[in-house]
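So that you can tell them apart, the chains are marked A, B, C and D in the order they are listed, and the count of residues begins at 1 in each.
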Amino acid sequence: MSSFFGRMFRISTWGESHGGAVGVVIDGCPPRMQLDLEAIQRDLDRRRPGQSKITTQRRESDEVQILSGVFEGKTLGTPILMLVQNTDARPHAYDEMRDKFRPSHADYTYMAKYGIRNWQGGGRSSARETIARVAAGAVAKQLLREWAGIEVLACVEQIHHLKAEIDPDGFTSAQVESNIVRCPVPAIAEEMVTEVDNARRRGDSVGGIVLCTARGVPAGLGDPVFDKLDATLSHACMSIPATRGIEFGSGFSSILMTGIEHNDAFEMREGRIRTRTNRSGGIQGGISNGETIYFRVAFKPTATVMVPQDTVSEAMEETVLQGRGRHDPCVLPRAVPIVEAMTALTLADHLLIGRAGGQWGR
Amino acid sequence: MSSFFGRMFRISTWGESHGGAVGVVIDGCPPRMQLDLEAIQRDLDRRRPGQSKITTQRRESDEVQILSGVFEGKTLGTPILMLVQNTDARPHAYDEMRDKFRPSHADYTYMAKYGIRNWQGGGRSSARETIARVAAGAVAKQLLREWAGIEVLACVEQIHHLKAEIDPDGFTSAQVESNIVRCPVPAIAEEMVTEVDNARRRGDSVGGIVLCTARGVPAGLGDPVFDKLDATLSHACMSIPATRGIEFGSGFSSILMTGIEHNDAFEMREGRIRTRTNRSGGIQGGISNGETIYFRVAFKPTATVMVPQDTVSEAMEETVLQGRGRHDPCVLPRAVPIVEAMTALTLADHLLIGRAGGQWGR
Amino acid sequence: MSSFFGRMFRISTWGESHGGAVGVVIDGCPPRMQLDLEAIQRDLDRRRPGQSKITTQRRESDEVQILSGVFEGKTLGTPILMLVQNTDARPHAYDEMRDKFRPSHADYTYMAKYGIRNWQGGGRSSARETIARVAAGAVAKQLLREWAGIEVLACVEQIHHLKAEIDPDGFTSAQVESNIVRCPVPAIAEEMVTEVDNARRRGDSVGGIVLCTARGVPAGLGDPVFDKLDATLSHACMSIPATRGIEFGSGFSSILMTGIEHNDAFEMREGRIRTRTNRSGGIQGGISNGETIYFRVAFKPTATVMVPQDTVSEAMEETVLQGRGRHDPCVLPRAVPIVEAMTALTLADHLLIGRAGGQWGR
Amino acid sequence: MSSFFGRMFRISTWGESHGGAVGVVIDGCPPRMQLDLEAIQRDLDRRRPGQSKITTQRRESDEVQILSGVFEGKTLGTPILMLVQNTDARPHAYDEMRDKFRPSHADYTYMAKYGIRNWQGGGRSSARETIARVAAGAVAKQLLREWAGIEVLACVEQIHHLKAEIDPDGFTSAQVESNIVRCPVPAIAEEMVTEVDNARRRGDSVGGIVLCTARGVPAGLGDPVFDKLDATLSHACMSIPATRGIEFGSGFSSILMTGIEHNDAFEMREGRIRTRTNRSGGIQGGISNGETIYFRVAFKPTATVMVPQDTVSEAMEETVLQGRGRHDPCVLPRAVPIVEAMTALTLADHLLIGRAGGQWGR
């Protein structure tokens, strides 16, 4: 188990879906920041189940409490403890999971690794642990904004076969939040809602892609050779439940170009060194180059489906699992704030590391 | 700068392309292993420039020296220092790089970050630093084999539009090494060689995909929630120069399936819990499930091309860079041992961490 | 701020004296341990204020709550969150501290470092943070006992000029707990109680020495060259508030011996390699040698005294601070479980690290 | 094995006494520092054997080579590799050590831990590994001086019963280097030389105390609650071979004072907040307070003595070890630069960490 993340802006998360609470310690948040509690709660609300007809109907209010690290509204520089109580626990809804491993979930692998598991709602492997990420990420976002003018903004780019054309520099938070699927292109967004709702009705699920951007990142963030910006962002985002892949800038499609076609020429623009195109996705040699950072994260179709599935039991007997209860037919809308959070945590860490070394910003 | 990697099987790498040497310290390699020096040199030879007509023609013998941590052929449990001297340094070949930033290279971002750079051959951002990864990875491979029966094996799956159909469980090391492009499907391999050679003649370059597998991985490796196996493998592989993306199992294509289509049913096979399909790529909830681990890493077309390119100088003036000298028209063949190395280092780390916690293998 | 400790048995602590709560996350505790809650509470009660007439009379029940990581009484291998609510907060008792720096406390240095401080009761620098250490240490003790048969036991050896002669191998937990000062030699213990009580009546304070032992430690624990057992134990114990020094085995008095006098001869005893004397304190070259580990930690006289003291204000004006309220005339009795806790945490970490590397116990 | 030290100014050391070389990687040294190679060599010369009649007569020139991280005399911000070749290897001088464990050395514990050891000259447990510490420490000293005006200076305060009275603020580097024992009080220094020389003639050895100071440290360095300045300095210094204890400021003698006697009153002096006395040793609550930091490190009498000693063999038979060859009758003179190095490395780490968090110096 490793629930620690970061070197200088470090977090330590904890909590099972049906234990007492889930939460996070932030160690390394700078002092004297006026903490915006509403912004934290707002991001938690974007992650919350039951927020619309296309997310799970579980009712969890997910109100954040802060138990340390803040005094008269300001950060102290000491560890910040944030937690959210678990309220809508219906342990009996999970009785079948006690003995049977849900396909493409973590039930079996947790058992193989630990020899014990909290089978209620997935325990530690439940997406409920991402509350801690989102709460900490909201603090990181505030740090990035105030200290470096960096904005992290993600959206849904694709659900199943429905793909929106989105310019990484050209969509706004208001557009993203204007619909329940969080796709900034209204026409496609509407189709996506229908697609997800249809999957829900069939007891099925669909996956898709989150496009994440970081705007206003100054040149110089990232720590080669192992903690390159794309490497740590990959680490961060690929630790989110249900992810399958990540690509930066031109990504996998760069393969179909030649070097001459693909290279980003440098030019002078507004007195700064800029690239004419941004196939590099704002990162070169693992270090930000001052262009908008953008990358895509693929999420598989949710593993929980409402049909009978072949599986085995803890007693190693073949059996059938009858899906029932409430589920997310598509994690994408709720994944948006989670990807933003992991991105913000990663950038905040590099920001502090860069300051330490007299490197960036000197 | 962060050239440390790993928690228990830790490495620390160092070296510029035109400094005295490049090398690595391994801290945490278990004692009493009979170190197979030839295997280390063999992997370095697979990474070496000049090994065939489709790699750069620079001549570097890249002979490894071990200066500590080994006694009478066996590891002591103390830090192992391995280094390779830099020999074929032609600093004047790089005179133009002194003042001009090469497009889609790290020259500009290193300057933006550090305010100084060794412009000779890329300095620390040169792919020459991967020698350290390959040498350390060869030791990790040996540990994985001896302690857990794990084999890491990668190959080239795609170059530009040429894609081979490869079963992650069905190719051998001999097939990979049977041709200079390291694709186990001979017919496609031949086409790939031609494709790369053509790019070379044009002064152009091409990218592609490395498919990497880890076979024989027992269920239980990986450390949620942040050091999930796919997260740390992503960190490791996305820190390799020229990478653009990574995907596990069904990857980005999972998006076009529904949950019912995509889930891997469990079944009993040969007395073990197995999945009927392996869309999960051997990892569920960030922990290995006993199936073959496989993932794909996308490499962009090499940034060094032999044509004039628009760029800017350190003095912030627009200029043209005239590519010349020797270059790799395609990094894929040499990338194979590097991806293997980073995979082995990551798995070795999880293996030791798992042993510590009384988790896996108990 | 760095409230993370340990590499494999890692903790992350948080909490101010007058915030909502203080607590700890344990990351890396092995799964399937039947957690002994009473043992945790018992150690917290030994640390608790108000436990006797010679400790501070603040009333804090310090009841521990566990919010994650435990299921049906057993550890899950996931992070364990333990917290203790803050109850007896009398912020007004600290009004004078709002503006004036208490001599030999951390008020001034926190202000110099963070530019902000929670002046109520010391905030993060309050000894109240040691609750987190003691709770986590109690879990570590259980791990050490069950996995390796190691017992950690400390006592008060000296208070001011009153020094007990104590054989590191020859005192019991019952003897330590038989009196309120936690010195296992009853005659001296009685004098110590009087000494502390006299200091309390005068509004003064006294310091002393905690002797800590770890018995049953197998040979082979410790990780040279930087994480030698004595180095990490020093780190751990010197991070406890009010410590001034630490010495192992013969310690500072070794200086008055020559090498011939000081060396511990090896001999065979009961089929094992043993040392005839134990001036090494159970550690040689930073690694346990199978003898009892023992060391001494010096605690200064408590900085809080009930007399007027010269100091300066936040406004940088010279002033006088009039001590009042409740205070600990001597931290030694309450320091015993804290030193034990930090020792247990350190040994547990080395135990897991050693298992990882196939080193100890193979 | 853990040969990594530091969080932001990180080092990784390697090397056995009779392997090819010993050395260090520094990861995190800021870029654009004009590296003073002579200063590095000068500190290595102070550590070098054979430098006077009272150190071991082994002849090792210990010339440092830098293989990476420096370009045209300046640091690049990339890892710096420094190494020293092993030259004066007389492996046969150690034949007796092949089978017999030297009392109060690490031969037995290394064998117990690793099941293998390089018995030639102590292997990794040899004091020769401190070359790496001193080389890295010399770079850290330069960083401290240039970035923060901090000077680290140590001296020998006591050898056996001979104790000099030394004001932590009142001795100079020239005084320390004016005699071969490195005690700044000439009269005592002379006696100390005689004392050590007498021990050498008898084949015996003596221990003593190094007093270390850091002057010019601004208020605000140190990272509670676990990485308090005294805690990390203890970790650093207690990892040096042959150390037995460490104490800060008033140290163990604080026990004989009461709180009223011991507290350091604050006052305004030269426009700054100062303490009237400095019993705190420049550290309060684990954070520097702007006064001179000082602490003492106790070194035991060297374990190598030239008389027959009882011991056991690897075959677990009782036997006698006949000491012979060259040895250090007292490590104190050579320990001075080593304590300075570990102190500088620790302070440099805190300096960079503090900069990261917008804490100190903001």
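In this section, contacts are C-beta pairs under 8 Å (C-beta built on N, C-alpha and C of every residue); 3 or more make two chains touch, one makes a residue touch a chain.
What you see is a predicted model; the values in this text were computed from it and never measured.
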{"item": "Steps in the shortest chain-to-chain touch route ending at subunit C and beginning at subunit A", "value": "1"}
{"item": "Chain at maximum distance from subunit C, centres defined as averaged CA atoms", "value": "B"}
{"item": "Interchain centroid distance [CA atoms averaged], subunit B/subunit D, Å", "value": "39"}
{"item": "Chain centre separation (subunit A, subunit B; CA means) in Å", "value": "26"}
{"item": "Computed distance of Cα centres, subunit C from subunit B, in Å", "value": "46"}
{"item": "Shared-contact residues (touching 2 or more other chains) in subunit C", "value": "1-4, 7, 13, 28, 31-32, 77, 113-115, 124, 353, 357, 359"}
{"item": "Residues of subunit C defined as touching subunit B within the complex", "value": "7-8, 28, 30-32, 77, 147, 352-353, 355-359"}
{"item": "Subunit C-touching residues of subunit D, taken from the complex the two chains share", "value": "1-5, 7, 13, 101, 103-106, 108-110, 112-115, 124-125, 129, 158-161, 199, 203-209, 219-228, 230-232, 234-236, 238-239, 241, 243-252, 254-268, 273, 275-276, 279-280, 283-290, 298-305, 307, 309-312, 316-318, 353-354, 357, 359-360, 362"}
{"item": "Contacting residues of subunit A [partner subunit C, same complex]", "value": "1-4, 10, 12-16, 19-23, 25, 27-28, 31-32, 65-71, 74-81, 83, 113-118, 123-124"}
